[in-house]
Amino acid sequence: MIYVSLISYTPDPERTIATAARVSASPVGATEIKKQLTPQAVDRLLTRLLTSGHLSTFEHASFTFAIEGISRVTSHQLVRHRIASFTQQSQRYVSLKEADYITPATISARPELEAKYHDLARDCHRLYLELLEAGIPAEDARYVLPSAMETRLVMTMNARELLHACSLRLCLRAQWEIVELFELIKAEVEMVAPRLGAELKPKCYRLGYCDEAESCGIFPTAKEVLDEKAKKE
Amino acid sequence: MIYVSLISYTPDPERTIATAARVSASPVGATEIKKQLTPQAVDRLLTRLLTSGHLSTFEHASFTFAIEGISRVTSHQLVRHRIASFTQQSQRYVSLKEADYITPATISARPELEAKYHDLARDCHRLYLELLEAGIPAEDARYVLPSAMETRLVMTMNARELLHACSLRLCLRAQWEIVELFELIKAEVEMVAPRLGAELKPKCYRLGYCDEAESCGIFPTAKEVLDEKAKKE
Amino acid sequence: MIYVSLISYTPDPERTIATAARVSASPVGATEIKKQLTPQAVDRLLTRLLTSGHLSTFEHASFTFAIEGISRVTSHQLVRHRIASFTQQSQRYVSLKEADYITPATISARPELEAKYHDLARDCHRLYLELLEAGIPAEDARYVLPSAMETRLVMTMNARELLHACSLRLCLRAQWEIVELFELIKAEVEMVAPRLGAELKPKCYRLGYCDEAESCGIFPTAKEVLDEKAKKE
Amino acid sequence: MIYVSLISYTPDPERTIATAARVSASPVGATEIKKQLTPQAVDRLLTRLLTSGHLSTFEHASFTFAIEGISRVTSHQLVRHRIASFTQQSQRYVSLKEADYITPATISARPELEAKYHDLARDCHRLYLELLEAGIPAEDARYVLPSAMETRLVMTMNARELLHACSLRLCLRAQWEIVELFELIKAEVEMVAPRLGAELKPKCYRLGYCDEAESCGIFPTAKEVLDEKAKKE
């Protein structure tokens, strides 16, 4: 069960972004701009920046999330985002007393497979504990733990990278677990920055078409768009 | 006259850093840790992280500064820090009505040179205005502006990069203007994160020696340390 | 007069990219893949990666350029690309004996303005030399140098960032000097990696529309596309 | 069994680094410098840069490695280096027909534990195949695979990041598997860039002391150095 909680963020993130944007084309300084901007002006500015793809000012607002209950499958994918900061629970130093692990829905839908899955996950954790007991260091014992094992981490990402990461990870062709994770991340952002949160969407919304090999149905693929166009002409 | 103002930052930055650090070696989650940490525990943890050079958790706290009154000489150096976000006043789109520029102290100490310096700076700005008047676009007219011209920008840096940037830019062998800028940045950070602020120091304090060709006097150079040692033996 | 020369690059850059791409979906190792790939297979793979926007493998090929004869206006913009490496000629340590500077075409097209521009550029350089003569350090004397002054640098960029930088800098709404610079960069890349070089294009080619406020004419703006569509319906 | 092979790199990497360094303090351009530098001059320059910690020019040389036979434990750590490019074999799309996995030496030294370890690894792989057989997608079936499972990837790192990564990963307090990996990486670099390769060393060699809680014995810890000094005085 994934758990995401926003533990810290740049206060008034949308105003901070709008302030920086104004500095670029203004003879007045940032402190003054920040005070004078009305909520309407902030909203208008954000819309203009998003439409024109001028996203660099979105880097001035950062969000720090506590993330728990994701598998190591997903944390391995997650830390591939390089414009972000991660602090992950160490399996080198922390001994995992409980066998907390993730079960994919495709497996839990099949009782006979699910039973075997649970048995094996428990076997893995049992041998892990036995290895620890026998004096094997945690950093080596963990080699028997399945990829399904849960981990927790703290992640900080700025708003520009959140836009980018969500454009990839909210795509329904991404792995289901990372989609779920970013849906929770989006929900947390929406609570404190609704304009930004609403913009956290799969890439097809910006492109106007699907650039995957097969579409999930929201938008047609580039190929389908071109075929349709050719048919009309 | 350089002006630096902290317009936004991760609230409770030191506690945020300490929380992330605890997650790494703890079976408990971040939200709980953050609540439970006493100020003393935060301080002890930060000291331990700084001593051992485990600085990655310092990335979870970010600081956004309004910076004004620095020359383009200095802004050109400043934006070389790649792990930071900058939004700078554009000379392409903003016409600079006033001739605001920086005068180095070595020049203002010499009245005859200073007079020539001011005359030329004003000549440059006068031709700039004349070019604008004649219909030359601002993006081309600015080619005549001297490097001394003032600029303003918004900069966001996380605490880890602040430690790194200060280690380079507070070194007295750095250019005087960027040293002044980072002294003001340090002062702003100290107001809201005193433990972190105190740690913003030139690199020699961490190394225990000066690694420049000539020392400013705070620490001897590596060569001087070795010579001294050889003499003793 | 801008001068760009490719002084070093990952040998066989397109094959290196294709090899990495194959590793991702192959049970065989990279060394074997690299040997077996035919030029046709490399080309097909690159096309597929570019079409689908899977650009991460393009990071495995890097290009190192010697760049000379660009103004400080342009070098200040150029070093804003953070996923790149720069080593620039230092105005702190190198005294500039010659007044080499750039003149925008809008100014050289107007003889009376051009004369004033040259006079002032020379006045600046003359005072610069006088300051040096009077014992002012080069790092302070340079404050009188105009933004038009030429600089030189070495830049390394990987192919993914080259695709990104060209998408921005080959746009005709970018400053003319940086457009010229990236046209020369593209020409250098095309000599050693023709498939990649051909792909170095303004962003509108990928988007299918212009996302600037006004179009240069290659593609209509997003607004124009929508208006056209509305008219048809 | 880890396998590392350098599949591509910036030709003449040390000369490329030295050329960039010369540009910074020279009135002459890069192409000319590169031709004129003698091997002795290259070596002297590299030594000076390394001693003074001016490492930015080391970014101009990149190295691309094929890496095979490392566990997912190690690949998860490895991809945390953010200033590097990775393309990893996907467990989403590639079905792993063979149960190739890593066994830590602490376990293979204990026959009774080793037998259980092998049995379990095989059980995991057997269930993985059974899940695939039953129609579970590879991206879900892989949740049962142990962290010990082998993976392969292509990694590109520039010389500056190699210096940094080796300073951390060749430290004997790092996990044994990643130490072995970086020893092989160092060996590959030494073959084509001996001066650089020799410099790929644990961080204590640069610091002059060990900054871990306990030393491996090469250098005393900072605390031990201070205690020793106090005793003498």
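General remarks:
For reference, chains read A, B, C and D in written order, and residue numbers begin at 1 within each chain.
Quick note on the criterion: a residue touches a chain if its C-beta (ideal position, glycine included) is under 8 Å from a C-beta of that chain, and two chains touch if they have at least 3 such contacts.
Source: prediction; values computed, not measured.
In terms of the stated touch criterion, the partners common to chain A and chain D are B, C, listed by label.
A count of C-beta contacts for the chain pairs B-D and B-C puts B-C on top. Separating the CA-averaged centres of chain B and chain D is a span of 31 Å. One inter-chain figure worth recording: chain B and chain C are separated by 27 Å, centre to centre, where each centre is the mean of the chain's CA atoms.
Of all residues in chain B, none touches two or more other chains.
Chain D meets chain B in the complex at residues 51-53, 203, 207-208, 211-213, 222. Across the complex, chain B is touched by residues 3, 5, 7-12, 16, 19-21, 23-27, 29-31, 34, 56-57, 59-62, 64, 66, 68, 85, 87-90, 93-94, 96-97, 152-154, 156, 158 of chain A. Chain contact summary for the complex, chain C toward chain B: residues 71-73, 75-76, 79-80, 82-83, 86, 91-92, 101-104, 106-107, 110, 113, 116-117, 120-121, 123-124, 127, 130-131, 134, 136-137, 139-140, 142-149, 175.
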